[in-house]
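Quick notes on the structure that follows.
So that you can tell them apart, the chains are marked A, B, C, D and E in the order they are listed, and the count of residues begins at 1 in each.
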């Protein structure tokens, strides 16, 4: 199971802005960073190429629009190079290396850094959140995905084929990437929703010992999603409210659409959370109902047979008649045995009548 | 049971504003879209006709007031035509095709798009929410109901008969449609309330195994209603607060009445939610109370008869007197058998006295 | 039990502002409306008379101050007459006829309409909320109580006797009526509080099967009260904040006192709600505690007697010595029987020692 | 137990500002009011004297600073005298007589009335809240404590001994009294905290039947404290925010310290409330755990001995061999009896092995 | 276990600003205060020395930047000396001596006092919160840690080695200390998170009697952490919002980073709290599930064997044939014994079939 909290922190007292050395195991895990550069020239997007870090172009107000996508964990050296070429602030560099940051938006003069999460669901490991860092400079947009899979193949394909919105300005391109990042939550929610309905069916029909573990697993995922989604919504709200000057009115309208998606996702997560709470109540109540049913069965059986067994036991005692006239003379009566059965049947019927009156069955 | 979450989303990375092709099964389900046009001329509403999409009039500031109601799922081509004739924004077109949007209000220059939900309750399938899209242009109001039944037959009848408010201006007509849309929630709440009181009676009188499933079903519906009602209230609030310039003071006062209805509906939903919580508590407590009752019955029975059965068992042992003087000489006493009964009755009475003292019955 | 939700709504699509015809059964229930008019002249309140609807005076800025109290359900015709004479808006007329509105304040030019609730508790039917509509025009205050009992006999008596504040201006008179309306909640809360403490005593001492039903009944009433009290507080706050221009500074100070009362009542309701939650916890825990006690008794009894009964059963088997030397030779031993008893007593003591060590009693 | 709600209200409709006659029993309970007057003259506090109501000095802007402490319930006549001498508003007079008001601050022109609560904990009766009314006029501060013990002996002692801050201005003196009033909550919270930890130890170690009653009692006290502390915090906040003009900058800084104390107390109450909730969970879970343990013991015992008792019962049946060759020939076998024991021991071992595999012990 | 509430308060009525005498046991516990002074001169930090209280330099606008770290509880005399030299306000002095204050920020003219908590986790004693007081004057920063361990060895080392940010201005230095103080929460949360996951594994696999005590212990720690973290976040927010004038724009940006950390920590605490709630639900449900399983086992066993034991008991009764023709003639039948077994086996099979149909196993 994914841990709720990953140790992505310096020891307290470490100089802030210190770039942690990327460990060998991280590189082994995510592979070295690859740099994919797209250049918009003459009103159209050119071919996209994988480049080396040293080929990253300088960001300038009158240059062409560049989109640089970094996939994999860059080394501190590469990050510093990136910082120098496009103006990525040291704090943002630190955030990229450390990962696991809370979604946030940070403005450094004219540049904007947005940190988001890309949720991803995996059959074996469950929900994972990967950090996406977006940077918008004068004429360059950088997206860094240090861990996890590439979220933008579809956007690249579209830009190449020139379908949909052109995304021909930095703010427009940033919008396009944010839109894609937020929409990555839908299939995750879809998976959660489907499993939730499976669990619902299971609980309503026939809960087993693992039903509750599955429900707990879903709750855990919803806690994680919520921790990421609240600040995501806030980030989009801040972009619209505090940094509106960086966006054209047209882009702002499209950004509101992204914001609406984030709110809709948040609503769904809240509804799912309420559903898990309601299902837990149903589970506990059905457990309680079954316990009652078992208990009644047991009580009925015990109440029926204990007195009968006692009566049979009495007549199994070794008192015998000749010694004492009181010692079970009925053992020797002609109608003794049927009479005893009569008493037993009457006792049983009386008990059953009582249970009926108490509406036990 | 209706799913909480319908898959109405593009794959992440799809170009925004892309119109999804309407699938054949959707058309089969909802039928092709029909267009009903009403025209207000010379201070009165004319006859309403079903028209074809190509006959949709252009929206102009000095033309007559039109109300176009679209029932059924339009094709992307028809939507684009609609967009061209009355100025429906591509994002709104996308929202109509995708459905399942969160209630929201969007302003595009002089036109206003309001997305609402029409709740509908169905014997077999339970609660359903259908999306209603309202558009107000310069002199045209368009209402689109891609799925579900027509919510406005009554309004049409009234306009024809010229009863009630004339709804002779675009803002007034929009108000009339919003009022009708919001009021559609009352019969739904009425149904929920009635079933809630049935469940209440059932829980207080004699809960069965399905009682809790019904309560859970009601909770589910309340979760759905709440997810739709919160943003609905917000939409009406936004219309009054942010877009007040589009409404005359008189219409604003009537709009506040619609807003009050939405708040009242929301209050009811919250009260119902509290009721379901309280009923669940009652259910669990009554289960607990019954379990206690069964348990006590069982304990009393077992505590009464187990010692007696043991005593009977003892005298059924095959020890016999001649061999050993200690071996149950009472078997041969004259008063032996009555004495054993005496002991057993005393034991039983002692136990009953003890239970009484512990206030078990 | 009172329903949480009364069907006071038009079918969706009904023209807003339509006055519902008062049904005969409503008139039979509440009686025809009576009109009691008070007139302030020359600095003192004159005699109050029951008048007919046609005698309602016109509201004018330079006329004397009138207080008209309408008790009982007026007919639509009477309401229209009232609207014409004092300027009651059609929406307010509709609200009076429909009843069951959420407390609200509505301003129509110079006139103010306040809708409140008067809670009333009834031995047999429990809590009821009746709607009070207050109207303040230029020089006329109208109070309409379409259902329920007259809340203002005390105010009338006081005005006649010229005790307390004179209430000689419209705003002052409105304050006096609001103050009385809000204070009607105190005896209701007192009744709830008393029954809550009865239930508390019952739960702490000896809960029965109906204890929880009573607690649920109280919760239901608190849900209803809360739904009415939140907007009531908001209404008073709005009067102080948004409509302060209609009140003199002195009256505003007295209005703040009414607002404080409403807040205090709200606080009490919230405290009572917390109490019901806490009592439910105590109830469930005491049920759980009792179940444990029963269970232990049963377990102790069963654990003591089952092995003993088994031992007795063994010696009741019809194996006999001569056939086999292993077949219970102790049946024929001199000390056989006492030995068996010794074993049984030791087993019992061992079990008791074990239960003691587990701190079961 | 103290009632959550005391009947301190007029019947609805009573003229506001009416002074309730102090009943004889109240006087008997609290004794007649005593008036203790302190006068600051020439930069120092003079001797404090008990005076009669008629000797209360008039409040004037150029007179010396007076502090009048009223202990015990004044009669309406005395209150009116006080109102006339220092300018106490009739509404404030009513609040003093009625008691049980929500903490609030009210400004009447230049004078300020603050109503607070003094919590007091009592071995036998539990938590009590007494109302403290503070009045600050031009040069007079009045504190009225109609019920409960005198909260200011320490302040008086300090003023006489001229230790600590001089409290030589009305605002400074008001601060000093507020500070003392707020700090009275600390020992109460200390008592609650201590008992909470006792209950915690009890629940973790060995809960008894009364543990939960004690927890419920603590919850009740926390509900009461919270209802009083929320508005207290609000009162202090209002003093700092809305009435800052009445305080010197230096006093404002000290007032912020009082406000911090109130917030800290509120935080503690909230933490305690969370603790009670957590303890209840632990209690219920430990009950559930014990029930499981008892149940397993019972099931193990029953499952072990019931089959054995049945086997013994079978061999106690009076079927005998000669009649039928199938009728328990083993009764007459040489190894019959050991074989039966073998079967019984094997059955027992099998059951124990099964319980072990199910991890029941 | 650490108490939630430490008695760090004066008796109500004590003169505010009174410095409590440090008790001997406190000095024995924490040792006398040590004073470590760092001086920045010529653009670099000089050597740090332990000094005596009398050597504390005066704070002046044109002097060099000093950082004084006080470790251990200073005496009132030393605090007064500190107050005189650097301008520490008496209220802040009181807060240092009393300890246990709520995190807060207080501005006295040009100086700023920030009170924070340093959480520390200890194997044996659990979570502890120690108060850190930070003071920023004109050119002096004082940090006082009256209890607990020194939180700044790493910062001192870094300043000496001149690594990372220079922290060469008072605001910058204050930021550095705040950053370190906030980051001290990460290892504590890490410890909580690890233990939470241990408890999670335990609950999902095999809960024992102490599992819930551990969960309760974690909840207790989370309640404490939360009480400290909410105001900490608020303090950082206030520094950024209300006291922004004391910080350079560059420092403000780094401060926002600290604020982000505090928010991230708060988010984690909230997620952990939700996790504990969810785990408790899982625990209770699994208890309920097990109880059901035990109950069913018991019911099945009892239902199987009670009728069989009864049948065996019947044939153990001492009725015999010759006396009565009805008295168990089957005892003497040739197939009697097999027939009885047949009946018993059929009864058992019937019961098993019934349990199967009820899906009990």
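Here, a contact is a pair of C-beta atoms (placed from the backbone, for glycine too) under 8 Å apart; a residue touches a chain by one contact, two chains touch by 3 or more.
Chain-to-protein mapping (UniProt): A, B, C, D, E = Magnesium transport protein CorA.
Here the structure is a predicted model, which means the values were calculated and not measured.
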Practice problem: Find out how few touching-chain steps suffice to connect chain B with chain D. | Solution: 2
Exercise. Identify the chains adjacent to both chain A and chain E in the sense defined at the top.
Key: none
Quiz item: What is the distance, in whole Å, between the centres of chain B and chain C, each centre taken as the mean of its C-alpha atoms?
Solution: 25
Quiz item: From the C-alpha centre of chain C to that of chain E, how far is it in Å?
Solution: 40
Quiz item: What parts of chain A, by residue number, touch at least two of the other chains?
Solution: 284, 288, 291, 295, 298, 302, 306, 309, 313, 316-318, 320, 328
Self-check item: Order in which chains appear around the ring, chain C first, chain D after it
Solution: C, D, E, A, B
Quiz item: Which positions of chain C touch chain B when the two form their complex?
Solution: 3-5, 7, 9-18, 91, 101-102, 104, 106, 108, 206, 209, 212-213, 216, 219-220, 223-224, 227, 231, 280, 283-284, 287-288, 290-291, 294-295, 297-298, 301-302, 305-306, 308-309, 312-313, 315-318, 320, 328, 331-338, 340
Self-check item: Residues on chain A engaged by chain B in the complex (per definition of touch)
Solution: 151-155, 158, 163-165, 176, 179-181, 183-184, 186-187, 189-190, 193, 196-197, 204, 253-254, 256-257, 260, 263-264, 267-268, 270-272, 274-275, 278-279, 281-282, 284-286, 288-289, 291-292, 295-296, 298-299, 302-303, 306-307, 309-310, 313-314, 316-320, 323-324, 326-328, 359-360
